[in-house]
Structures are given as C-alpha cells and as structure tokens.
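In structure tokens below, several structures.
Shared between the two complexes below is chain A, which has chain B as its partner in the first and chain C in the second.
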Partner chain A sequence: MRSSGFSFIAPLLVLMVFAFNLPILYMLGLAFWSKGQGFTLEHYEGLVEAPVYLRVLGNTMRIALIATLANVIIGYPLAHWMRGLQNRARLIAIALVVLPFWVSILVRTYAWIVVLGNGGLVNRALMWLGLTDAPVSFLYNELGVTIGMANVLLPFLVLPLFAAMIRIDDRLMQAAASLGAPPRTIFWKVYFPLTLPALAAGTLLVFILCLGFYVTPAILGGGRVPMISNLLDTLINQIPRWEQASAISTILLIVTLLIFAAYRRLDRKASA
Partner chain B sequence: MSDIRLEGVTKRYGPVAAADDVDLSVAQGEFVTILGPSGSGKTTLLSLIAGLNRPTAGRIFIGGRDVTEATAQERNIGLVFQSYALFPHMTVLENVLFPLGVRKIGGAAARSQALEALKLVRLDGLEGRRPSQLSGGQQQRVALARAIVFKPDILLLDEPLGALDRKLREELQVELKQLQRTLGVTTLLVTHDQEEALSLSDRIMVLNHGKTQQVAAPAEAYLKPANRFVAEFLGIANFVGLDGGRTGLVRPERVRLGPGGVNGGRPARVIEAIYLGQMVRYHLAIEGSEGAPIVAAVPFVGRAWQAGESVAVSWDAADIWPVT
Partner chain C sequence: MKRRTFVAAAASLPAVNILSGTARAQSKEIRMIESGGASGDSIEKGYIEPLFKKTGIKVVRENPSSLGKLRALVESGQTTTTLFELGSGIILQAKKLGLIEKVDWAAVNPAEMFPEAKNEYGFGYQYFSTIMAWRKGVKEPKSFAEFFDTKAFPGKRCLPDFPHYCLPFALQAAGVPIDKLFPLDVDLAFKKLNEIKKDVAVWWKAGAQPPQLMKDNEVQYSICWSGRVVGDPAFGLNFAGGKADLSFIAIVKGSSPENKAAAYKLFHEMSLPENQAKAAEVISYTGPSPNLDALLPKDKLWQFPTSKQNKAVQYFENAEWWADNGEAVNKKWEAFKLSL
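Let's look at the complex of A and B:
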C-alpha cells in the first residue's frame, strides 16, 4: 500500500526536488564554495568585514520589529472589537480585513504613495488643519516602509487572533465578574491569557514575513531604506556577487527557521 | 449570609419577557429551587440576582441592601454556571484561588483556604490538574469549590447537575444538600428536573414563561398545586371531574386498586402495568369514561395486576385537590 502511494506522488516529488530544492541547495552551497579552492568560509568573513551587510541585517530586524509591534497595537484592539460585533457587522468587518488579500500588493503599496505623498491626502489634511506648514515626508524613509508593511501584513495577525477570541466563551468573563473581579482583572487574568498563544503565533508569523519583504520597502523606501531582500536584489541582479548573496540568505534562512520553530510550538499550544 | 428579596423583577428582551414581575423572598440559610421548563427564564433570573444583567423593572435586595444597580463584583455572590465556566488556562487550584486573589487574599492563607474548599467537595489531590483533564462530575465540583471558597453571602446554582448521568447526579444531590447545610449559606438552585427540586429544597418556585406559578414547600406544591401547569410539571397528574364542572387532581400514589366487582370502587380495565422496582405503575381505563387513562402507583407486594384484567379504582375525597 505504501509503495503504491509513493509511486503516485513520485513524479511530483521529483519535480519538487529538481525544480525547487536543488536550486536552493545549490544556492546555499554557493556560500561555502570558492572557485579553485573548494570549501571555504571566506564569504562569511566577507560579511563580517563589510559592516554594511550586518547593518542592513540589523536594520531589517529593527524595521520588522517596529512594523510587527505596530501590527499588534492596531490588530489586537481591532480583533477584539470585531469579536463584540453583531453577526452582520462582524461579517462586514471580516470582509474589510480580508479584502486586501484580494488586491495586488503592488496596487496597495502604490496606493500609499497617493495617501502619504507630499501632495497626498494626509499631508493636505495636516496643512489644511494648520498642524504643519510644510509637508511631512512619510515616503522614501523608514516611516513609510513601516506603515506600508504594517498595513499589508495586518490580516495575518488579525485573522488568527480573531479566531482565538471568538472561541472564548463569554461565560468565562461573566464567571470572573461573579467571582468579584473588576474589568481590568478580567481582561488581564482571563481574556488576555486565552488569546496569548494566538497573539504570539500571529506576531511571529508577521515578523517572519516582514524579514523577507521586498515590494513594499522597494517602492515606499525608494531605494533609501535598505532591507535584506533589496540588498539581495542588488547583489544578484546588479553587482553581481552571488556567493555573498547566498551567505546572507543562509543567515536569513536560519533566523527564519528558528523563529518558525518557535511559531510552530506556540501554534500547537494555541490549537490545543 | 444574607437573605434575598425580589420585588416585581422584570427583564425584557424585545417583545419577550424572560422574567415577568417576579416576587420572591429567600430567608437566610434557606435552600430554594427555581423549577421550570427550558426557556422559562431561570438563567435570566439568576443572572439578574448575580448582577450580570440589569432588570428592566423591579428591585433586588440582598441582606436588606438594594443591589439593583450594583455590579456583580459588589455583590459577593457565589455562582455556579450551567456550563461550569472553569478557566481553561488555570489549574484546579488556580481556579479556586482566583476569587481569593481578587479579594487580595494571597500566600499561605489563600492556599489553605482553597485546599479546604477542595476538600469539602472531595477533590483533594487533584489541585494540579487542568479542567480539561477532569470528568464532568469533577469539573462540577471545582466550579462549586470556586463558588464557595470566598464565603459568599449567597450561592446561586444554575442546573449544576444537569450535564451529569443519573447515578452521579443522585450522589451529588446528597452531597450538595449536606454541603449547603454545613455552610448554612442561602442557596438558590435552578433546575428543570422536578425530582431534583422536590428532593433538595426547603421551598420551590415554579416558573413558566417568566411568570411565577407557585412558591411553596415541595410537598405542598406537589399535592396542592396552584394550577394545572404546576400539577403536570411536578409529576404525573390524574384530573377528575368534580361537582359543578370543576376539575380535581389526584396523584397516582393516592389511587387505590382492588379486585374487580368490589363495592365502592369504579370498575376499570388495566391497559398497561409497568414494573418500577418498589412500585408498579398502572394505566387504567375507567369503564364508561372517555377521558384520559387514570394512572395509579401502587407498592409492589408479591403480585401485580396484568394488562386486560378488571379492577376497581377508588380514592378518598380528602386526596382530591381542586385545580383551575
């Protein structure tokens, strides 16, 4: 039985190995290979010696962290608010959260240029209100990149969080109230701990996605906010220095896998 | 310890009155059961007393204090939910410690108080478990321990035994009654099971469509129901015609059976004889009567009548209760 099942998926497996896994392995291997020399760690040494690489890596981590934090600060209250809605309003809210999934990420990112640009909606509103004299530059800096990433990734946090919140029985909060707990205690001792696994899982997922983000930093950063994926683009398409690129990719992959392992553990706890 | 008084308590959900002008007094230390079919407003009434809900009209007094506008946390009430509502992310002990922590009782004092409550409900040794690792009966006891650990003024129980199987339910009924007597806490229990209501309580309040039907001691409600609904809800009811077109109630235990042809009894035929252990229940068709069969419950002593046999049926005039 097992062998017949295997023969069914074998062609697919061959395709996967040759089309996806081998190129990845080849790419990872490049980082440890030097022409004429064989195995080497010199590309990693190169990374350490040229501080720009580590700076970009650190930069990426920081922006990812801020965007993730912004996501949590917006996403948690949003999911909680959705939980309290009546059926119809809730459906509309879910649709509004999911809607961005159906719009191309390029369109959404360019939309931010319209909103945040010097002559954009936000700046015109600020100047009309007299809050600023000159336009605030939201674009082509870290702020724009962070706003754009937070927006694009919001559904990845809100949906699992909402799913966890909706599973919490209202009677648990009522029980806590009947046992004498004030609203603050009910939130921190009962409600929040029950959403924590989903919150942690969603946060890690968003963080991982932030790390590898390309389109939004490229457009909203205008080439002035270097993140890992944009650096890789330069190293591969422009310079090109494939070995350096693969060394960076290897580091990014390891970091991502570590975070993903943590995510899996939390996710299993969340669904238990 | 406190008494409870409801005055004209009404709760409307749109056109539905889940509680409709309910008056009730529960004395200090008394055990009162609210009995009614599903949807009659029992849970609504408890949630109003617990402060999880505000009445549309009427006033609620606990220990003489008007608490109608007080929040749940200001009322010091122990409430056991129909679904137990244990905190799934806490252990048994943490669940029982929760109301103490809220009251700023901590450390060894809280711990020993919690363990004592768990001992009262015979759960000692399970304090490290999660609710999901317990059986239904054990979860029920945790909910009970959590509701009594902080020495509440009153204890409210919403169908606490409803989800358990029969044997366990009967065991826990006895325990609950003993526990209530030990603590001397004013208790209001809600159930749709009339046997539970009759066996546990000092008094019962029968509820239907949010309206009080009767408040009385169990035996009185059973034998002298205020109306037809109470008569039928509390057990098997035989309705017999009385002079002047009125209707009378005769309970099955009050119906006497004798051999057919004996003077003084109405001739009847046995339709069905159901053996119940100590008792046999007969369904009897009175000869010349078109009405519903008469049900008799007779102690089983050696021999039972068989279906199809002719018997004589009689009851004392004193055992008839007129109902409207």
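Let's look at the complex of A and C:
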C-alpha cells in the first residue's frame, strides 16, 4: 500500500528534485567554486570587503518592511470591514480585492504611472482643488515603489486575514459585551488575538514576497530605489558575475529562512 | 510576409543546391541573438533579406542579447545559436571569458570598412550615439557643462543607469575636454554627479524610457540614444560632447564550421554600403562603410552618428579602459545609487 502511494507522487518528486532543487543547489554551490582553483570563499570575501551589495540588501529589507506595514495598515481594516458586510456586498468586495490578480503585474505597475505621474489623475485633482501648486512627486522614489508593492501584494494579506475573521464566532464578542467590556476592550482582548495568527502569516508572506520584488522597483523606482533583485539582474545578465550573484542569493535565502524560523517559534509560543 | 519568404525559398532552392555543391558546406539556417527593437528590424531589412535573396540562407532572430545569456549558452554547451550582438566594451569581456570565436576575415572578404569595426573577434556593424536631448520649449544647452548646470537650465533630468555613460559626461561638465577624458577621473565624475543628483528624476535602464518620460513631461532633459529621438519634432538634441560607440556581432564559441561559413556570408552582406543604407532607413544608426555617406539622403545626414559634422564633436568609447576598470567602477556606482 505504502509503495503504491509513493509511486503516485514519484513523478512530482522527480520533477521537483531535478527541475528545482538540484538547480538551486548548483546555483548556491557556484559561489564556492572558481574556475581552475576549486573551492574558494573569495566571493563571500568580496562581499565583506566591499559591503555595498550588503547595503543594497539592507535597503531591500527596509523597503520590504515599509511596504509590509503599509499593507497591514490598509489590509487589516479592509478585511475587518468586509467581514461586517451583507452577503452580496461582501461578494462584490472580495471580487474587487481579487480582481487585480487577473491583471498582469506589469500592466498594474504601468497603470500607476498614469495615476500618479506629474500629469496624472491624482496630481491634476490636487492642483485643481488648489491643494498644491506644483505636482507632487509620487513616482520614481521610495513612495512610488511602496505604493506599487502594497497594491500588488494586498490580496496576499487580505484574503487569509478575511478567511480567519469570517470564522470568528460573533457570540464570543457578544459574550464579552454582556460581561460589560467596552468595544475597545472587546477588539483588543477577544477579536484581535483571534486574528493574530492569520495576520502574522499574511504579513510574513507579504514581507518575503517583497524581498524578491523586481518589476515594481524597476518601473516605479526610476533607478533611484536600489533593491536586491535588480542588483542580481545586473550581476547575472550584464556583468555576468554569477558567482557573486550566487553568494548574495545565498545570504538572501538564509535571511529569509531565519525570518521564517523566528515566525514559527513565535507561532508555536502563541498557540502553546 | 511569411508565405512570401517561403515561396521565394522554394523558387531559389534548385539554384542554391547547385551552388552549394561547389562551394564549402554551409548551413541553410542560422540563429542570431540581437538587441531587439528597431535595431533588430534594421538587421532584417538591411542584411538578412539581401543574404536570403542571394544565397537562400535564413537567419532567425531572437532578442534581447545580454552577456549573461551568452555565458549561459556557451557553458551549457549549445551550438544552435551562431551570432550574438555585443557592445564594444562587452566584446572585450566576452573575449576574456572565452565566450566568442575569432573571425576569419579572409573568409568574410568584406568591402572596405572603418578599421575599428574590423575587430579580431567581431563585426562592428552599427555606430550609435549617446547624446543630450530635451523636450521642445525648454532652454537649449550647447554643451554638457550647460546640460549639467541645473540652475541656468532648470528642469528634471533623465540619465542612464550605467556608469560608462554617465561618468564621461559628468567629467565634461567638470571641464575635461573630450580628447582628455580617458583615463577617467572617477572621483571627479562622482563629485559632479553628486552635485546634480537631486535634479535627476529617473535613471533609465531601457532606451525607450527617456523619450517617453520627456513626452509625458516627467523630465525635460535626457541623455539618451540618438536613434530614439532624432526625427521626432517633440525633441531637440545636440551631438556636441556625445559618445560615439559601435555595436558588434560576434560568433558564439563552439559554433560548427557550417554555421560559421553561413555567418561569414552574412558578415559580407553587412559590409556592403548599399545594404547599410537600407538598414539606416529603419534606424538612424550607421554601418561601418567609409563610402556610406554618399548613399544616405542628404537632408538626413545630421541625424547619423558617423556623418562628418557629428563624428567630429563626439568622443569615442574607450572599451579597453572599461575592460580593466569596469568592475571597480560598477561597485562605486552601486554605492552612489544607494546615496540617492
């Protein structure tokens, strides 16, 4: 019985190992070899000697953190609001959140240029209302990148959060109210802790996706927001220093895994 | 289009068979990876179509061409792609990395060419310029000193996100004459860039960005490729202090002798001035024939990188300097970008 079950997953396993895992191992291994010399640590030494690449990694983390926070600030109230809607309105709200998934990320990113550009919708509206004299620079800076990333990633946070919120039993809040708790206390003591695991999972997912973002910083950053995937593109495609790129990727992977491990630890503590 | 080429192929087949019986064995179809856009179309119209009419050899194009792709091709041991387009600086790197083959110029038997285009490792097929341009209606700079003077010439700039374009222009702004640019004073160049970086709205990676950003009025001044802005009434431009550069087509390491033989046939077509004039109809970049000017339309000569009045005011890329210093400068560039 057991072996027959294994034979069903074998094709997928083989595909994963040969098409995904082995190439990744090869890629990670590249950083430790140099032609004609064999094993070497020079590519990691290069990173330490000229820490500019590590600083780009740090910058990437910072922007990922900002974009994730923006996502939480917008996403949490949105999911909460959707929970309180009537059936039909809720369906429409979900459709509106999911809709951007069906539009190419490239198209969505370019759309922001039309919306936020100097002659774009927002700036024209602001100037027409007399709120500003000159166009506000929304694009080609960190603000533009953050807006673009938050937009693309919002469904990743809202959907799991909404799924968790909808499962929360209304009677729990009613019970708390009947015991005399004011709405603020009910939210923080009852509602929020119940949504916390989903919020943490969604936040982590968004943060990790942010780390690897390429299209949005490339288009909305105007070359002024250095992020690690754009640097890797230069190192892989243009220079091409695959060994150096591999060393940076390894560090990025380790950092991501550490964050994930920290989350698992927190999660276990929270559920224990 | 497809059907027509097929019919032409069928019609020319018997003749080609007779010819190839006597000539050296060569492939009927080879593949090329070029940089794409109008440049790729100019290769099609100027060189690939005449080659096919004469010999029946098909050249299939793909793009874009990055050095990383070439490295991947060679290291994976492939032999399907024979031709690869590379910039003048990159061809030296590719040679160092052992990714391209020597050109057998005797087999190419080219028409007269500018000497720098007849590289040991590649065919210099297209001169292109990187110049200053602006949106019509703004104050027009006459030199890079003026272009970088953001007080006298107010407006947002769009500069290339590549140090080998930006540094020599910044040095001109600091007062270095174009014949004394190399070896580059890297620190001085970065000092100048630091002075104007707050007025640079966008650092571009794709050549299509600067004209679009100028049209949208996101920026008013750009450093961009001449072929993207000449002939468009929305823009003004000046070749003064610009960079003249040469794109090469090289032969991928490990290509079979049959494919190489076909590639040399294409190189021969590329050396003919009448074909280069056809290519220049598609894109305002010019081929390496010294006799080309006479075949180009007189009223358009001002648009081309190699016409006399333009060649005299530009500097020529120094690929050797970049091959030796490129990597160190790239790191400084990344550090500079972090300071934006």
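Going forward, the second predicted complex is superposed on the first by the 243 of 272 C-alpha atoms of A that agree within 3 Å, B and C clash if a C-alpha of one lies under 4 Å from a C-alpha of the other, contacts with A are read in each partner's own complex, and residues count from 1 in each chain.
The definition used in the following text is that a contact is a pair of C-beta atoms (placed from the backbone, for glycine too) under 8 Å apart; a residue touches a chain by one contact, two chains touch by 3 or more.
No experiment lies behind these values; they were computed from the predicted model shown.
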*Does the chain A-based superposition show chain B and chain C clashing or fitting?*
fit
*According to the contact criterion defined above, which of chain B and chain C contacts more residues of chain A?*
C
*asked:* According to the stated criteria, A:V98 is in contact with first (chain B), second (chain C), both, or neither; which is it?
replied: neither
*With both structures superposed on the shared chain, find the angle between the C-alpha centres of chain B and chain C as seen from the C-alpha centre of chain A, to the nearest 10 degrees.*
160
_If we overlay the two complexes on their shared chain A, which of chain B and chain C does A:K189 touch? Say first, second, both or neither._
first
*Between chain B (first) and chain C (second), which does A:L85 come into contact with in this model arrangement: first, second, both, or neither?*
neither
*Classify the contacts of A:A111 with the two partner chains as first (chain B alone), second (chain C alone), both, or neither.*
neither
_Contacts of A:A261 with chain B and chain C, given as first, second, both or neither_ = neither
*First, second, both or neither for A:I166, with chain B first and chain C second*: neither
*What is the contact status of A:L25 with respect to chain B (first) and chain C (second): first, second, both, or neither?*
neither
*Of all C-alpha distances between chain B and chain C after superposition, which is the least, in Å?*
45
_chain B and chain C footprints on chain A, overlapping residues_ = none
*Quick one: in the complex, what on chain A touches chain C?*
50, 52-53, 55-56, 59, 113, 117-119, 137, 139-140, 218, 222-224, 226, 231, 234, 236-242
*Can you list the chain B residues touching chain A in their complex?*
47, 50-52, 71-73, 76-79, 81, 83, 85-89, 98-99, 101-103, 146-147, 150
*asked:* Looking at the complex, which residues from chain C come into contact with chain A?
replied: 66-69, 71, 161, 200-205, 216-218, 327, 330-331, 334-335, 337-338, 340
*Residues of chain A touching chain B in the complex*: 169, 171-172, 174-182, 185, 189-190, 193-194
